[in-house]
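Listed below are the structures to be examined.
Below are two complexes that have subunit A in common, paired first with subunit B and then with subunit C.
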Partner chain A sequence: MELISSQAPGLENDHVIRWKQSGRSIVGYTCVATPTEIIEAGGLLPYRIRALGNGNTEIADAHLSRFNCSFCRSCLQLGLDGSYDFLDGIIETNGCDHLRGMIENWVYQRRPRFFHYLKVPHLGDSASIEYFVEEIKIYKKAIEEFVGRSISDQQIWEQIGRQDRISDKIRTIYRIREGEKPSITGAETLALFLLATAMPANDAENTLQRAIDDCKDRALDGYKARLLLGGSATDEVDFVAMIERLGGLVVTDTLCYGARAFRPRLLEGKRTDPYLTLANGYLENLLCPRMIDGFRSRLSFLLDAIERAAVDGVVLVHNKFCDLHGIDNVQLRLALERESIPVLQIEKEYGARADIGRLKTRIQAFLERIG
Partner chain B sequence: MHRISVLLGLVDIFPESMVGPVGSLLTYSRLLPADIQAGFQGLFVPRAGKASALFIKMIARWILQAKRASRNGKKVILVPFNFPVELIHAFDTAVPLTSEVLSTVGVIALRGQGERYWDMAMALGLPDHICSANAVELGSMLGSEDFQPQAIISSAAGGCDANAKLHEFVANYLEIPLVILPKPPDDSGRGRAQYGIYMRNLVSRLEDLLGEKLKEDRLRAVMEKANRCTELYHDLMDLRKAVPCPVPNIFSLFTYATRLSAWGTEDAITTLRSMVEVSKERLAKKAYPAEKEIARCIWVYTSYYYDLAGYFNWMEERGYSHLGDALMFCFPQLIDTSSMASMLEGYSDAAWGMPMTRQMGAESMSRAWIEDIVWAARELKADCAIFCGHHSCKQTWSVVSILRRELLKQMGIPLLVLQGDSWIKRMTPMSTIQQEIDEFIKNVVASKSAPRRKLKKGRRKQLDKPIAS
Partner chain C sequence: MPILFAGIDIGSLTAEAVIIESGEIVGSEIISVLPNPVDSAKSVLGKLLSRAGLCREQIAYTVSTGYGREKIQAEGLADENMSEISCHGFGAYHYNPDVRTVIDIGGQDAKVIKIDRDGKLLNFVMNDKCAAGTGQFLEVMSRALGVDLNQLGEISLRSRKPVPLSSRCTIYAETEVMHCLQRGVPKNDIAAGISGAIAKRVAALVKRVGIEPPIMITGGVAKNAAVRREIEKELEVNIIYPNIDPQIIGAYGAAAFAMQKAGKV
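And then the complex of A and B:
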């Protein structure tokens, strides 16, 4: 856990530095719908863009606006102030309007060496899957052109297998935190997750295994309530730590920097076409409110997690101006209230320390209500 | 919204020759509350001539159709503004109700201007940064029995998250079917082909919901009328090119409200024809509301609708022509009506080119938007551009800085960025908006007599290089 605490808070961790020193390239991506297996198969390091609670957005504000979500403004700030200069390329996906605007401004201003736009359908029907299969092939071709060599199906299968192993380990960590006696906090899990998406897959496997081993000798106690945290893109380890300091142990989540980001094993099925396997695996398990026909799946994912982790209450959070989660959280809250599950819905600014007093009061009041 | 249907019921009963005089009388009699009076003054501005009465009768009939739908054995299909209504008009058993048009009518004609309905939507706990055009309509569904849809079409996925999510929310909340037409943000040709697949799926889904097959003859009749609308639309666009602009500012709203509600109907043809005739007469007389045309303004996204007089009338009376906004730039094309397949293909093209879908649903939001605005500014000889900054339009807000830069680089015209809600006056009062427009035009936009703005070499060089952080 010490390694996680030392490495997670920085954008350019030791793995990134070593990777660059060996002359290899790094490609940034923002959205969980990006099949990173293709990037890895191309010999590149996929790096999930994050802002790590950075609250300074003054350069980004000259390009985006105050009506754009502060997480995206924060990421853009880091893109424009040079903090992300270690990235050699960027993959855009149509995750949400703010993300699209963030990447458009980033690319317009900085012109990265490599840029590709992977279009992800908003539906999960068969016509959309077919379209996505072709999209993944085009995306693979773009990576091939960038690295100057072809990528074989076998290499993609290998990466699919590797991601399966990583997902298995993350699932093990979720089982540990969701169990009766959790031995890893929500803040540690988020930090671990962030680290694992900013290092080579091999290292991620080892790091996750070490974290699992560390959990064996630990026990957590003194918490008032077990919580589920759901909602917007939240990579704010400090925010989760604050909830936990107040007595609410975050034993599970439905975050896209968390439970929504690891998929079921894809090698289990028949080995036919790796592109179809990826298209199905990513699109069918994309539990993001951007999928306009997927409310029932998202609700059932949430209810399953609530039951599995035996939570006392649910905290649904969204960044100000996030339409997708802002509206989805209302639908989810209404559904949870119908089931008599205690729920707290919070709108907040990303990384805004000034807001911390209000958030503490609301969380304390919620914990008193359910604790 | 019950109050609206009563009002529109009266409009429907009165003959066209009476609607104009009665409207004008009401406008200037001070019988109406101030907020409604501002709407009426905009609608019945004398220079709009007979077009006002025809437009209002068209809207009245369109809304009353929805109100009386169940009585007539029809289903109300709620659609967003970026879904072309002519497909719904082609079904015997369905009537379209466009959320944004209904909300705009409420904002213009209701005392309190729809804010009561906004508050009802907010009471559910919805965030205050969602689109008021949709929230007012949602509130009206919650607070009135008049307009209860039996299904909702969402064509916003890919073009606007706020709209798409609210459509999903309304469908879940009212427990009605949601029919989705997503826009792949793909300009390669694959995206358009995929959109065609989604469109065919949508037609099948509608047929199932309505229990009615789309008939070729009926579709052809609607599409032929839509083609006539297209011709008249382009006539109006041509008239807007004249200097000074002979097309009254309020016709921007009339044009796209017609596109978004009644396109493909006889009412739409009549209304558009009257707008063309009025504009031609004004062109012949060289009529213009002010002493001279000082500025020709392109509005790059939406306009403001909560004070029509304070916005459209005020601008042209000061010599500021409203050449249209992005809702008008839907670039309709004539549809080949020779077969069912050609009509559906042409219709898919029309849907692909609808406002917002066309710009914000494109592969690059900024590039598509810039292309359209630069084209329109060039064609219509605009000397300035204004972004109304409707706070819910996060996609436009996220790339407006690129648009501003490119407009200056490619056209040498400045862009004013305002902040306000297009439908709700609480955010920015009209007086503030007027003041900002005034200052911008007086201080930034070159006068007509001055030479066209040219960029100095140094500035051009600065704009051409990427901004260093």
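And then the complex of A and C:
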């Protein structure tokens, strides 16, 4: 897909460069639980931090140990080596302790102009929603102080509406790839979403629409099996492309940088204030193993996707030392095996190509099993 | 003129080639691997052809497996490539169609493979994180004991009081072996403890996919009688030990796939 290949590579894309050239600021965030509508309402560009498969963690290793998730170490490396110097600010969330260690070391070393710690509850009950409403208000106040102006409720509603439209388009792309004759690969979808979370919302809307239009004249063939890819923070387009080169078309996913990153429409259920709408919308749809008591929802989300996309098998992947997904993937694997759904569980080092031979052997054997 | 099919399996320590005719093995060859898998494939197949008095043109279809299987195909030495997991399963099935579980212990990894009544892969589990439970583990331990690798199984079987090794990690187990030697524990008993350690690790893998007999053992470590005995004890089942070299089962499976792929079954 030309659109993706022409724009996707690199951290600092054309949209980022243009945004900076116009004198505006960019705020980085890592966790999918960050309501980016507030950042956009403040006239800032939200940028989802990614490592793009970077395997070099030389500087980061001095700050995070070998027992920290290698995705976090890779992101920290890019933060410390200056690759992310185009970020003016960073939002930290308590997604997991590794993520926090990464952001806090980054902020301590590089001292961005703006930093805010957004505390996201680990439960989705009414008390947690109430707490999150207050947290979002504090987060909004911090953004207001950084940009030197107030943010109105109306501005937040507008951004909620815009994110609704973006989510609609992402859902359309999922319908295309999950359908009987997919016309977009898993690697392309991941690259597209990475691009869409590194550009202004307006541009993201247009980019996603162009991708949808491009899909109309395409057909994919030559694949042995339809796969669902699930698991932890995986922004490695090359990893997905490797699976697809072996013959497994990734027709859907439950990834943090994929299906878990978009939410249902929030504007239609418009509540009394935008903060409650955001708190509900983000917490209710946070299908991350960081959430306590959320396993049934995550399993049901996975089973729904399996059925919808008519997959032949499931690949569950997590990075070494990712305790949350490591434990969750075992539970998910056992649950899928009970349902007689073929599943391959992979634990790997993020961005490292040293073990690629064994990974390929396991994936190829899995495809030979189900294909 | 007979129709021949070939399988080439490149492992971490050895490379194997097998030629079959109507499912029966015509010849096989094992060599130590060369630095490049393509060179290993050329060498092992060349030696086999030469010994059997055959030429490449007589091989109707070839399947490569193991490390570098794609490169071997890309170099024109094979028509197709398959994972070694499928090939070991299919090789065991062609040797004995009753087999439902295959334990393959190679130099760098250990696999447990479940197959159906047609030899098709049903499930597998692979120890791919460290040397524990692999041929590498035995190599390190035999060096620590100062015993030839090929003698390790034999002296284990002579043990009267095996010393259980508490660690599965190769590095810690090596330290434990050194400590046993310093305490004057007989080498036979330490060797038996080493066989027990590897068996425990492999048995845990088998239990992950579920024990379904008949079970066959393949790979270089299968040649160690003590390890075989300890695995049988752990799993409480008899294990089939092929009367052909267990190291060629992967290449045999690849050759059988070649025959199947060429539509000759």
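Following the convention adopted for this analysis, the second predicted complex is superposed on the first by the 369 of 371 C-alpha atoms of A that agree within 3 Å, B and C clash if a C-alpha of one lies under 4 Å from a C-alpha of the other, contacts with A are read in each partner's own complex, and residues count from 1 in each chain.
As a working rule, a residue touches a chain if its C-beta (ideal position, glycine included) is under 8 Å from a C-beta of that chain, and two chains touch if they have at least 3 such contacts.
These numbers were taken from a predicted model, which means no experiment stands behind them.
Visitor: Following the superposition defined at the top, how do subunit B and subunit C come out on subunit A, clash or fit?
Guide: Superposition result for subunit B and subunit C: fit.
Visitor: Tell me which partner A:D355 touches in the superposition: subunit B (first), subunit C (second), both or neither.
Guide: Once the two structures are laid over each other on A, A:D355 reaches subunit C alone.
Visitor: Tell me the contact category for A:E236 with respect to subunit B and subunit C: first, second, both or neither.
Guide: Neither partner.
Visitor: Check whether subunit B or subunit C contacts more residues of subunit A in the superposed model.
Guide: After superposition, B is the partner touching more of subunit A.
Visitor: Considering only C-alpha centres, what angle arises at subunit A between the directions to subunit B and subunit C, nearest 10 degrees?
Guide: The vertex angle at subunit A equals 70 degrees.
Visitor: Can A:I59 be said to touch subunit B (first), subunit C (second), both, or neither?
Guide: First partner only, subunit B.
Visitor: For A:K119, select first, second, both or neither according to whether it touches subunit B, subunit C, the two together, or no partner.
Guide: first
Visitor: Does subunit B (first) or subunit C (second) touch A:A365, or do both, or does neither?
Guide: In the superposed model, A:A365 contacts subunit C only, not subunit B.
Visitor: Could you look at A:D203 and tell me whether it touches subunit B, subunit C, both or neither (first, second, both, neither)?
Guide: Once the two structures are laid over each other on A, A:D203 reaches no partner at all.
Visitor: In whole Å, how close do subunit B and subunit C get at the C-alpha level once superposed?
Guide: In the combined three-chain model, subunit B comes within 5 Å of subunit C at the C-alpha level.
Visitor: Give me the intersection of subunit A's contacts with subunit B and its contacts with subunit C, in residue numbers.
Guide: 347
Visitor: Per the contact definition, I'd like the list of subunit C residues that touch subunit A in the complex.
Guide: Subunit C residues touching subunit A: 67, 82-86, 109, 120-124, 126, 128-129.
Visitor: In the complex formed with subunit A, which residues of subunit B make contact?
Guide: 124-127, 129-130, 154, 157-158, 160-162, 164-169, 172-173, 178, 180, 182, 184-186, 190-191, 194, 197-198, 201, 360, 363-366, 389, 391-395, 397-402, 466-467, 469
Visitor: Along subunit A, where are the residues that touch subunit C in the complex?
Guide: Residues of subunit A touching subunit C: 342, 347, 355, 357-358, 361-362, 364-365, 368-369.
Visitor: For the complex, which residues does subunit A have touching subunit B?
Guide: It is residues 59, 62-65, 67-69, 72, 80-82, 94, 96-98, 100-102, 104-105, 108-111, 117, 119, 121-123, 125, 127-128, 131, 134, 289-290, 292-293, 295, 318, 320-321, 323-324, 326-328, 330-331, 333-334, 345, 347 of subunit A that touch subunit B.
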